[in-house]
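Chain IDs A, B, C and D follow the sequence of writing; residue 1 opens each chain.
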Amino acid sequence: MMKNFFDGLYGTMAMAEVFSPEAQVEAMLEFEAALARAQARTGVIPNTAAESIAAQCRVEFFDVPDIFRQTAIAGTPVIPLVRRLTEIVRGEARKYVHWAATSQDVMDTALVLQLRRGLPLLLADLLTLGDRCAGLAKAHRRTLMPGRTLLQQAVPIPFGLKAARWLSMVGRLIFELRGKQDKALRLQFGGAAGTLAALGAKGMAVTDALAQELRLAAPELPWHTERDRLALLISALGVIAGAMTKIAQDIVLLKQIEVGEVTEAGGEDKGTSSAMPQKENALEAILARASARLAIHEVPLVLAAMEQEHERAAGAWQSEGPAIPAAVCYTAGAVAHVKNALLDLEVNGPKMRENLERDGGLLMAEALLIALAERVGKPKARTMIKAVVKQVRTGHRPLSQAAAESPVIAAVLTRPEIVSALNPENTLGSSDIFIDRALAGYEADSAVIRPDPGSAEDLPGLLPGSIR
Amino acid sequence: MMKNFFDGLYGTMAMAEVFSPEAQVEAMLEFEAALARAQARTGVIPNTAAESIAAQCRVEFFDVPDIFRQTAIAGTPVIPLVRRLTEIVRGEARKYVHWAATSQDVMDTALVLQLRRGLPLLLADLLTLGDRCAGLAKAHRRTLMPGRTLLQQAVPIPFGLKAARWLSMVGRLIFELRGKQDKALRLQFGGAAGTLAALGAKGMAVTDALAQELRLAAPELPWHTERDRLALLISALGVIAGAMTKIAQDIVLLKQIEVGEVTEAGGEDKGTSSAMPQKENALEAILARASARLAIHEVPLVLAAMEQEHERAAGAWQSEGPAIPAAVCYTAGAVAHVKNALLDLEVNGPKMRENLERDGGLLMAEALLIALAERVGKPKARTMIKAVVKQVRTGHRPLSQAAAESPVIAAVLTRPEIVSALNPENTLGSSDIFIDRALAGYEADSAVIRPDPGSAEDLPGLLPGSIR
Amino acid sequence: MMKNFFDGLYGTMAMAEVFSPEAQVEAMLEFEAALARAQARTGVIPNTAAESIAAQCRVEFFDVPDIFRQTAIAGTPVIPLVRRLTEIVRGEARKYVHWAATSQDVMDTALVLQLRRGLPLLLADLLTLGDRCAGLAKAHRRTLMPGRTLLQQAVPIPFGLKAARWLSMVGRLIFELRGKQDKALRLQFGGAAGTLAALGAKGMAVTDALAQELRLAAPELPWHTERDRLALLISALGVIAGAMTKIAQDIVLLKQIEVGEVTEAGGEDKGTSSAMPQKENALEAILARASARLAIHEVPLVLAAMEQEHERAAGAWQSEGPAIPAAVCYTAGAVAHVKNALLDLEVNGPKMRENLERDGGLLMAEALLIALAERVGKPKARTMIKAVVKQVRTGHRPLSQAAAESPVIAAVLTRPEIVSALNPENTLGSSDIFIDRALAGYEADSAVIRPDPGSAEDLPGLLPGSIR
Amino acid sequence: MMKNFFDGLYGTMAMAEVFSPEAQVEAMLEFEAALARAQARTGVIPNTAAESIAAQCRVEFFDVPDIFRQTAIAGTPVIPLVRRLTEIVRGEARKYVHWAATSQDVMDTALVLQLRRGLPLLLADLLTLGDRCAGLAKAHRRTLMPGRTLLQQAVPIPFGLKAARWLSMVGRLIFELRGKQDKALRLQFGGAAGTLAALGAKGMAVTDALAQELRLAAPELPWHTERDRLALLISALGVIAGAMTKIAQDIVLLKQIEVGEVTEAGGEDKGTSSAMPQKENALEAILARASARLAIHEVPLVLAAMEQEHERAAGAWQSEGPAIPAAVCYTAGAVAHVKNALLDLEVNGPKMRENLERDGGLLMAEALLIALAERVGKPKARTMIKAVVKQVRTGHRPLSQAAAESPVIAAVLTRPEIVSALNPENTLGSSDIFIDRALAGYEADSAVIRPDPGSAEDLPGLLPGSIR
């Protein structure tokens, strides 16, 4: 169910489904059905009542558009939903609909159920993305390119190291998100003001049964106005979105005509222009940047919304309503777009090599400086090298030539030493080790969401787990 | 066309319409039709071609859901839209579809057309809201209540002055929004990279004709990457949303059971609770606070999106796509909710008067201090009054009694002087003048959008106007 | 060293110290000294050189104001600092100053060292604050007060449960911050563009030695442009600040004259007014709210700053410079102010009890509803209770009287049953269990920073720890 | 008075002065002196008292560090300041210090006085910056370069047009800021809760006299909790900062080694690297981007702070304290850095021309498309050109050659027509007109702050002006 141009551009269709009105109603009904069953199991309401209620908790029995029309009047979808549910439940059972619960219990738990459906989609995309980075890191250990600082050529690096840095970040964030998900996805059940007063002595028994019905962890105590776990989860999404901007921007910059080191090989229409026939835009990376900005901007809203009055907030909680789904959907969009960009990525090794020669090969200046400095110390070497740099810049000779012809340098280094110092292959430093460590770190981090080979499930379940 | 629970809760249905996918396609087609006509008028394309093109520019000829499915691939709705338009235009005319324009011309101008439809709705609500504040200010010049600073009772104020302060803000913001609207709502037309190269020497002629066709002001030059006017408009919306939080929060606080000075008289369901039968929540004010927070958080996104690369941004511009409609819709929601809250507002004068006596009437302490200070100077008066305040707080006697019984005060003021100093009616200061000035200021400010009595239009048109 | 009115108001003096220019220079010098020593240990530079360099790395040898004057020209303090250090190091050693390092290595690692000094201060305040909440939770298990939802009275709760909810949040955030600190506080060392090329094969050996010298964990690979760990740390601070707003707002609202349930017992001047002698403001809570807002607004900046170009960002990284210290200082301010507010807090039990009777005791309506619903079902009970509520609101009789006199209710419940249903003591539900669980949860969570009884240290050290 | 590395890096020294603690104390004393004089003129206090008070209102009589130490306790600098002032005023006059004013009157008006000093500095820098853009626009009408959309080469544009676009934005923002400044800079004077009760019937007379003394406009009514004018001013600063990011990013991108179209000609140290001798970074542009991000992030804080409770806010107002000076200082930094970057800018025309040939000159494809489309219609032309583009990309022949050799194209266009279509000089479209219009618009907009040639003042004064 698609709602506007933006769902598919800045999010993913699958995530838009998870947060559709139908899905929200479905999740709310899941709560009401589980509540009835849990209360039957604990002797709060009759078994038959629970069965009757649960039988009606099916989204197809509800006119979703009508519910949200009434929502605009009631201020919450729970009131029209419960009213309708009460209407369609027959006989005595009607008395027990929504027993002892409050609107926020339904809304918050429904959100948690939706997050439980949605976050694994996001994690799965992160995994594909990470695996692709790992592949790039391994494949391009010797694909030399200019490292760039402050957008100027600095020293040579292997493209594999750039991919390894992306990779290490992605691994850490998979681990982080999985952890935050485990902490945040838990039942909210507190009744009118968080005491479960309406259940007398049976509050905990119902809570535990309800958590079991929903296969959710129960919290130590209701969290209606303590939103820290949710805020940390959304912050983690913001950081993931931030990580996507890093990768996406690198791709966009590398794809500039004047740099030309990567291509995002799109299909037919992808990245074309309505005016210019030659255009091949890094469309996925561009959309990733847009989606990620949108995701990040939900974070301060959710943090500011932690200022919740007393036992239910008068505005702040309500502002989470659109903000949290938006944060998830936009982050999903950012991740999916970067994933696509990387899957489509073609690395232009020869062009990278060619770019090392741009600017007279001056990005080898640090290497020459180090070679000189080992003999004459850094301050003196710096002065020597500055003179040569000037010759390159003004005389339009390459560094190799300028260095070879410099009597000052010749007084310190032999010709083979100069040649060796200026060979980019000799300046990879610890790149290989770093790549290895990034690969190992990623493997460890991403293990938390990799399917157990012996298991039937695709992704490790999100079952209760421990209280903390 | 309603999309989720949130459209009606945090926005208004009318504004959701304006920014629906159908409305966006319609606005894009309006551009394409006007472009064809303008190019015919200036001899760029044949008249018959323009007629054929314009005839097909009707939203009912387009499968909107299909267009946005393709949007997710092409990265912009313009590509599938123009392709479809080209398909349905017959014969020679087909050659001239979307002539010399670029995607951003269509997208930006369509946004401007949508804003032109939407902003007057928002202004109209602001006017109703302001008029209601004016009514409250006039009606409650003598309705005394505790003024409160840092959420403590301070000195008495008339409720009319509080309403007057709201009023002055609303008036200024109507004036501001109207001005920003006039500046921001202008044609975007620059072609591939802002030179209108494809039109050769006819660039300006087509621009002017196109602006006329769309009844939009033409800009001095294309503004594809210079988004200051749009950013100022969205900022003004953010300030309006901020103003709404001020009013809404006052209402929510005044409506607390323990304060009880106003009621938001809702209908049936409005503001009720699914658990607690006695609850009467300030629902409109609460939703206003939520909507306003959501609106405000779009502002930094739009400001950050001003960082647009070269002649078209690779991510920042795209992030405006969902952000600008969201800013307008959420602001509209905040304004509508505050309007409703104020229209429903019942002012409880007796309760306000009663609250003046809470805390032993200590909010008259400044008045007594001033009376004393006029005789003995502020430092000495302060010491005297502090002692009396202490007696009130610890002895649980009202200030009137404690003051009357204080020999220290009796040495300075006569009993009638004390009684007079402690009479809230005597401490209104310049309130009346302030209320008058607020009313006058509002009348002047809001005149910019009031319908001319002799005119047929409901709101002053948004026609071209001058270049600046 | 205090810089403006704001350091002491919105932050703490101690944290302002940690992020003073002197402290920053000191941390940068700590890096340079450790670098020299590590390179000596690994045979990269002579031992004597390292000793000479380290001997000069003392802040008192540097004219800090002069360094930052030059910073404004050089764009980074590292250039003038290293130049000055090179000047004062004598002889051969001069050649080895800042060997193989780049500015960002110094800046980032110095920041980490400052964070290592600062975060324990914040954690210590959180612990005091949490311990105080625990005390309040235990002491006020039976101090009944109105629970309030949407700022309306809802049902009774014990104040101890409110404190327990604060407590559970504080505990979780101590645990979270400690974890994020362990992850984020690690050496940055990558050389010019993250390959450590200048160190040839000795990159890892120097890295490990340098980490040891600084007692920091070494990262798997340099993180110059991968800021996720830092961003997660700052996000955690934002969530902590958000948590502080929850507590602070509760206090401010409870302290309203019309509510009067708590007092922030300040000293002399604290919370007084320059105009109104009776004012006793909840100053600490107010300042906490201000500080927390300031802290939260740094988070999106740091998230947006993750978009770092290639191997060093051209603007985004630089924007972290003031943002990260501000995030820490403002969060520290928010925590310290809430700590002070809670330490000064006086709970007015009798007033809480009195407020239960406000509004005719209507907050017992849910309890009566439940008692009725158990007999006649919720829909019917709801209708019955609505009628009684109306009588209370319009007839100004308390609920107890209206219920007792209602023939409809008398037909369902006996008088003792009504009395029992309306007794707030009977509606605590699971409060006690929740309080116990919050206390246990806090104890477990806060153990991560509690001093080991057998240890000499005040707070567990922040020593290297494992790679992850 | 410089406080940390950041004042000079992200702001300007001059603006840091304006918002130093000393300057704030000075501004507060200016208010207190003017208040005494205004009250003497209106007969509220004796003339001699006013003279005595005003005589002591000199910052050198105050121990500024001590005042802010006390501020941390009192919660506002006004309490220790007034106490100290009361101490040093002798005799009877002491009674009349701070008469009828409240802390917020002092704080808000002092802020306005500081803004009055600071904003003209910012406007002056904007004017220099704008004048430089005007110079560039005029000088580079024929300096052709690749226009770039989505960071890909699009069609040729003159560099002068890019500068003209920057220019038009700068002009509009000068005009906007000047207007917002006129609206926002006005006296705040309301007494305890905005009624001026303590002045009885003399409230307006004192207000007017006070406004005159301070040469400030008086507001229609106090604005202690109605912060819209301030919020609009700060938003305008945010938009200015956003505009700076546009220009700065263009410079950074154009300066990439691989693009090389501009240089930021710094001095000695400027933009060098501590590791790489060849580096010449676009330091000013980089710092501008960082400063602007910092400025923008203050905007949502100020908007959110509009939610001010009743007659004085309990947290939101206080958060403005550091946020507003930060917004001004960081915006000043962003503007100053862009100004410097532009003043230092060297435009490399030959390199721009050379870059037109990069990518086989494919950025002329649209021009060729148009030439073909005029004969065969756009759809057919598009197909023809796509084939040629493919040849250029795969065959590594320039577009000119591929087009010349294409029999399909030869069937439509003659060789001279092809040559003409591919000549960048022929594709400037309306560039010249746009440049002229930008120059004219800027001249008109910036006139609001240009010194009147016959006047002695440097910048038009910020004197009272009309009420609106």
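Keep this in mind: contacts are C-beta pairs under 8 Å (C-beta built on N, C-alpha and C of every residue); 3 or more make two chains touch, one makes a residue touch a chain.
Owing to the predicted nature of the structure, the values given are computational and were not obtained by experimental measurement.
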Which listed pair, B-C, C-D or B-D, shares over half of the residue-numbered contact pairs seen at A-D?
B-C
Count the C-beta contact pairs for A-B and for A-C, then tell me which is higher.
A-C
Length of the line joining the C-alpha centres of chain A and chain B, rounded to whole Å:
33
Centre-of-Cα separation between chain C and chain A, whole angstrom
24
Using the touch rule from the top of the page, what residues of chain A touch 2 or more other chains?
98, 102, 148-151, 154-155, 191-192, 198, 249, 252-253, 273, 275-276, 281-282, 286, 289, 293, 297, 300, 304-305, 314, 366
Which residues of chain D touch chain A in their complex?
146, 148-155, 252-253, 255-259, 273, 275-282, 286, 300, 304, 355, 358-359, 362-363, 365-366, 369, 382, 385-386, 389, 392
Give the list of chain D residues in touch with chain B in this complex.
86, 92, 94-100, 102, 147-151, 154-157, 161-162, 164-166, 168-169, 172-173, 176, 191-200, 203-204, 207, 220-223, 225-229, 231-232, 235-236, 238-239, 241-243, 245-246, 249-250, 253, 289, 292-293, 296-297, 299-300, 303-314, 366-367, 370, 373, 376-380, 427-431, 433-434, 437-438, 440-441, 444-445, 467-468
Parts of chain D lying in touch with chain C, wherever the complex brings them together
2-10, 13, 20-21, 24, 65, 67-79, 82, 98, 101-103, 106, 191-192, 198, 248-249, 252, 267, 269-276, 281-283, 285-291, 293-294, 297-298, 300-301, 304-305, 314-316, 318-319, 321-323
